[in-house]
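Take a look at these structures.
Below are two complexes that have subunit A in common, paired first with subunit B and then with subunit C.
Entry: the complex of A and B
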């Protein structure tokens, strides 16, 4: 193994060997490595090409803020683009590739873009690709996207699954650095329910990257000891590999747990990730801080990194990006990196400190008051050019430059409810301010307390304060001895007077010049700056670049940085894969299905199903030899009208209404009267919306003085129930009414046709007389069937035939359909599906969803007289609006084509036989159409202006979109049995 | 005695049991349910209900059980009475007779499907399915929650969590339980 840049020590297990590949080359790393640390250990600094100019880039950070080292992981359906190499945990067999380059990372044809950078400045696209307008979508955008891109997607279905889940706690602690651990410890010891979420795969945060002692232990050892105590507490849950991505309302947080991303393939049955919704009573944000770079000319070469990251690679991963490292800093933190590197045997060729009074450092030359003004090295840093305090220029050899411009507290989550951070001069950065999300406290570096001691102290205090709010007594733990250095920093954002490009946002190739251009072109608001230059967009959301951009803009406008302000921080904190957002709602699992009681039997019969809402309903039941759905449907219609058919109507909503005032209640709910409905009788009813429009119809059966069963349409079952509950609870709370749905409790079958009674007489037990006299049209009652099973029988008809609906407890629904079919054999019984049901109700002229379409009134439906004026009901008053009651109002009519070979097109509009075809001359529209096997003709239902008085008139039925134009006669909507003799037989 | 053969909510003749390393999902088809809702102003209701059930009706979010029946709270002045199906096919009639018009009683037995979850992984599975704080539910606690878009009752009984969901979606509910059980327990 040739780990040219591997150092001693660290928290990786150097006894292990993990093989991995990058761009086809084989490498080895250790357990505990990230892809970035393993590549650096193998001497690989070049990891990607930039977004726009295809400039060679290397890793800049050691965490989730990484802008440059974006790679594709895995292959085939598991290919994952735009993964930050800094958070990709190394596993044996990891296959990674660089992206946005061709043919290779070293030789990228699109690197030519860099030569034309003068033309490709901010706003270039907006200014250049304006004409012709039509070219944008089809030519310009596809070409630009291809040239300037990130990773690629596989276009295959993701083979892995993702879960969503819900967790609850008294205290959510976000981050497990010193502040987070102390917060969790304080709350855990107090017995509070604690969730500690850590985005890294190890706990400890910066303690793993630093050499400071806590008490008499290494920081990482202290962290491990605290975690050991927390693990033993049953009230504490530690979630590693879990990023809290957003702070939402009422103390709810979103968090993504990467369960299997560190494995080549998830364990069998296990998800790749889980999206948790965490319900917290209180939260402590201990998310730490992110270091910021200093921009200078050619500051983007592979090897130019953040100083804290270089230190983390050395201390945690035992890796240096190069044997020779220089430091560029405006604060003491850069010196810390230099010291740690030297302790590990790395040569520090110089510390360039912009502060004239920079402290000295043993073992390395400090260039006080100097700046880095340029760098060399095409695919990797070779040297940097310094401008010394004296003005003299000097070259300094180094393969890596560790840059520190100070630290920005990670305030993101504090701003997700529109909180505005405030400026803190001491650290020259924004810290949380204004109104924080409900229940949130901030501790440690995230709050601007950048020392270890500050973090320990504020973490404990934040937890104690949070628990005080909840009435949970907590004791502050003893604080161990820890580093407590003061911040010494001179704000410095970019090296001025450079002629070349100084990169502010490396992910989006935004330079200081671009920001100047935005200012010059008056895009000065930070939000405009962001959109015009793309500063702070994409996967890193400007975590390392936003502050630099703001600082440059502030300088240009002559305002302070706080006056310039930040852009709005929005969730998610880090990128979230779409799979995690979808969870299990994929493909057929997008919604649950509902099966009718006859589903199993219908499946055996080869029924063709249709989704009606979530219900799976049989559409028709094909017989051998039937090659077209209409053959099946027409046979079902004929068999039903000629003898008897059975249809599963369980899907219709059933609402049990009881109480002393049940009848009064229904009188108010329905447009027509129900108070006087006799016990043992059913009545058809129409419900109106508040605005007088009809919205549902159905029946109500009175089983007792104080007991009704209301049926609704399948589609509106939930809506009607909800509206009735609202009316019961809010409109008429004084009425004694109780409601409950019983839709699922009863399997209900329509038995229709001239032989319906004959069939049912074989099913209903003989002690129940269901003759026409004893059980006439619209009768209902409780009966027993098949030798004693309790059942309900309703004599109602949607088809227009002699018909009943028989209901039995659902568990017997399967047996019931089989019994009905067996008993009906002698009558040539047929099951019929929703299509035959539809044909028969059109033949009968019964309204359904097509007619109850949200725009029609009872008057339109021909049911105007049903709206009782003797009583009040929902919608009664507004149904009297003048506009709804014009003489020429739409009325439901039937249509028959003049030429029997024509078909009435559903949705077509009606025009007078003579005259224009236009919206102005529109006479109405067709709502339903079908071929009637009984009439051997196409028929339709339509709403026609003044339709009741236009029987026999010939109209044009037109559909200009399809070029259809036929002639049809206006007839009664009741094509079959208009006098209702069959259903009363 | 009628000659019709019942099927379970999952469409079989016998109840289904699925076994995972730390979880058992058992379909429970042999319970009867009847809703019981007090009529307005019927002061004698609770007394009559208690006399029949053998225990006081439980308070909000709670259940209670006696030797023959159990009951859990489902809404203001509303409960679900639970009993073994055998011998109680007509549970609603029994309850209705007992409360004598002081309450509305509705047969709910076949409106629901029911799965009992037991084993160490139960809470880990449930927290991936619903936002109810199952960990904090004491034995006897009951709540209404959503699982896979379905409104369900979640009832913690001794040693099991009972999930009661809409019967027509038994297949979908079971599928969701199974998927999540695999997530937590893995596949053998």
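Entry: the complex of A and C
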């Protein structure tokens, strides 16, 4: 196998052979390659098209800061867009494609945008698509959306799983370069629990990219030896392929571990990625530094790269982007790249150093005081144009240009709370400053110590100091000999002699001109600059471009760079896939599914289910021959009202209230009185919010002097319990009362209809008398059923029929429904679902969630008289506010259409029969509507202004959105059995 | 965030439900002459300090204790955590 640009040595295993494809062409690489290094080895410089102008682009960096080489990986459901080729680990069979081009990378139709660049400058959208207004939604937005974006998504479900996990440590070390390794070693030897997180798939950080010696070893060998010692320590955990994405409160860090991204398919049972929440007592940030470019005309051609990246490709991956490389630098570090390349046999055609006093270099011509003013090469760099110190212009052949403008410490994580970076003149960059996240120390290049020795020293010291805080004694390890060069750099951001476009942000196609335009149009604050030009947005978040942008703006405003300031760094440090954030909470696991005790039985009956507050409730039970849900529902209603029906009501919240002060407590919780409720009786109750709005209703059954069972609506079970605990602990802390939720502990069934008692007498053991005299309406008690099983019986009714609710321990719930149905066979019993339940409660005029809608008071609901004025209860003081008690306040009424063929539309508004239809003349609104099989008519419940006094009035019921307009008569909300005779039968 | 529960030690804030200002413990006397005004203030008027804030958190996914947490709203530093019941008693809500 021959790679045109592969060099000798490096940390890739050149004996291996991995096949991969890019845009359909087959290539080979080695174990240890990234997609970017393997493409460069094969002589591929062109890797993508730019976002706006569709300019040909190549790889610029060798790490996660990459702005240009964004590719699509894999195909089918595993297709992943916008992945940086620089961090995509090569594996055998990797399938990658370029993005944002049509029909191909070399010939891209949208390249035409580049010709219109004068129009597509900063603020283009804001200026151009202003008018006509109607065009935005219909024309501009769809066209822009189609043209925007880079990669494409598969629109298929992700076949892989993602996980979330928790890790704890004394010291979290972020980054495994020289500083991070020394920190981990210091803490590891001291016995502290250490987590060392490394973004790369190998440890060692920059040591793998340099030729520096540490002690008498190559830097990468030294790193390997330290890692070997750390691996042997049981108190140290090394997480590679793990990016710490954010620093959160109290020492908590978020980290994404890419467990399987380097494999075609995750190993069986393994997630693709894990989102870790790391609880650290202390942390050392050793995240290194990112090199920054220098902007000049046409500085975005494939082959123009960062000098440190070119050096990394040569030393670590044994790859050069081209046989002929030139260097453009403002500092000594650029010269290192030249030296390392020449040591690997690459021709350095020249070192262009802006400094007039640039040091000389053996083996390559140094152009001191010179600048690169332009470049040539449509799909890849061919030459650069220099302006020498003398002013003379000269062309220099090169297929790659290694650019170094200095290094920016990776301060990102120091700013995720309140950190504010401070300017450091020596390296002309921001270093961490202000208030760092709790427990964080910064070491090495991330703190502005750019030498290897500085990193080793500060890494060890930071760990020792952190452990001192925790009372753990640590010894500083012996410092090996290491590179300790002084920084020599002349700040230089862009070439002023360039006339054309000089790119600052290659990912967003922002040029020096765009920044000048933003300045001219007064978008001068860095935050405005960012939004107006999009500088520093998207996947790289300006890691290589922000500083350049700031420097240009600072120059234009006449301020210094620190006065200009940085935009705020926010998590995540690098892009995080949605799957990792979602973890296992996808599809049916997005939230829990709660099944009632009769679920299996109901499934056997072919029930149709509906989700209510995470519960799966039977909605109706279709019988053979029923083709429409209403047939099933109406049959269930008729059968129940004519004989008997059974409904699973387990989902209602149940709260057990016990203690000597239980009655006193309920008296405060409910608007109506409970103190005098007799043992063995149930009472309906309404709960108010403190503002006087009714928020829940239910029943409380008194089983003993000091024991009540409260029921809540299904939807509010959690909220009511929370509020009751608040009242118990915070408002009346010394009442002798205890609460526990028993919703899941009891299976509960409503048995309703004229034959309800007859049915239950076959279930309840004979020693319990449940005759009407012994167990009247609103009675309750503890009984046994089916020969000794403990149960609770409540004679309460939501349907308006003679009805009971019977509760048994949940594990008997399945047996109970089967027993009830068997015992009811002789009465033609029917199970009924939530729809029939709803129809019957509307027929009876009972309020439910539609009426308890967060805006209605007890008065509105027709329950005003229940609110006791003689006691302290939550909500009673503010329920008396004038505005809630006006004479024409909304009141709950019933509606029947004048024409029996009409249906009352739910949600419709009520208007006077001869008045206008307008918001001003609005009389109220319909909350619930149903077809009543008993009345053989549509019926509705509604809130009507002054409704209690308007019985018999004809109103218009209108829904202008749907063109509905019918007439209905105001009637009592109690359509069925208004006197309650059936309840008491 | 981590909340140092007085009974259970440090717990992740995810286990809790947030309510708001611990002044909600000071529910007015319903029989006061100006009860309506007091309740209005109690329910609707809150301080919104940049700095220390005493607030109510409910350990819903835990032991169901209501806690009074003193938190700096600027830095999220938590300087004190007490059982709300103890706070309520200290503030004179014993009956």
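The rule we apply is simple: the second predicted complex is superposed on the first by the 971 of 985 C-alpha atoms of A that agree within 3 Å, B and C clash if a C-alpha of one lies under 4 Å from a C-alpha of the other, contacts with A are read in each partner's own complex, and residues count from 1 in each chain.
One rule holds in what follows: a contact is a pair of C-beta atoms (placed from the backbone, for glycine too) under 8 Å apart; a residue touches a chain by one contact, two chains touch by 3 or more.
All of these numbers come straight from a predicted model, not from anything done at the bench.
Trainee: Quick check for you: in the superposed arrangement, does A:164 touch first (subunit B), second (subunit C), both or neither?
Mentor: The answer is first: A:164 touches subunit B but not subunit C.
Trainee: Looking at the overlay, does A:279 come into contact with subunit B only (first), subunit C only (second), both, or neither?
Mentor: In the superposed model, A:279 contacts both subunit B and subunit C.
Trainee: First (subunit B), second (subunit C), both or neither: which does A:465 touch?
Mentor: So A:465 meets neither subunit B nor subunit C here.
Trainee: So, does A:229 touch the first partner subunit B, the second partner subunit C, both, or neither?
Mentor: In the superposition, A:229 contacts neither subunit B nor subunit C.
Trainee: Kindly classify A:745 by the partners it touches after superposition: subunit B alone (first), subunit C alone (second), both, or neither?
Mentor: Touch partner of A:745: subunit B, not subunit C.
Trainee: Would you sort A:270 into first (subunit B), second (subunit C), both or neither based on which partner it touches?
Mentor: First partner only, subunit B.
Trainee: Shared contact residues on subunit A for subunit B and subunit C?
Mentor: 279, 734-735
Trainee: Given the complex with subunit C, which residues does subunit A contribute to the contact?
Mentor: Interface residues on subunit A, with respect to subunit C: 248-252, 279, 417-418, 435, 438, 690-691, 718, 722, 725-726, 729-735, 872, 876-878, 880-881.
Trainee: Tell me, which parts of subunit A touch subunit B in their complex?
Mentor: 161, 163-168, 267-271, 274, 277, 279, 584, 589, 591-596, 599-600, 614-615, 650, 656, 658-660, 706-707, 734-736, 738, 740-747, 784-790, 808-812, 814-816, 819
Trainee: Which stretch or stretches of subunit C touch subunit A in the complex?
Mentor: Result: residues 1-2, 17, 19, 24-25, 27-28, 30-31, 35-36, 39-40, 42-43, 56, 58, 60, 64-66, 74-78, 83-85, 87-89, 93-95 of subunit C touch subunit A.
Trainee: Going by the contact rule at the top, pick out the subunit B residues touching subunit A in the complex.
Mentor: Touching subunit A: residues 1-9, 11, 29, 35, 37, 39-41, 78, 90, 101, 104, 106-112, 127-133, 135-136, 148-150, 166-173, 175-176, 179-180, 182-183, 185-187 of subunit B.
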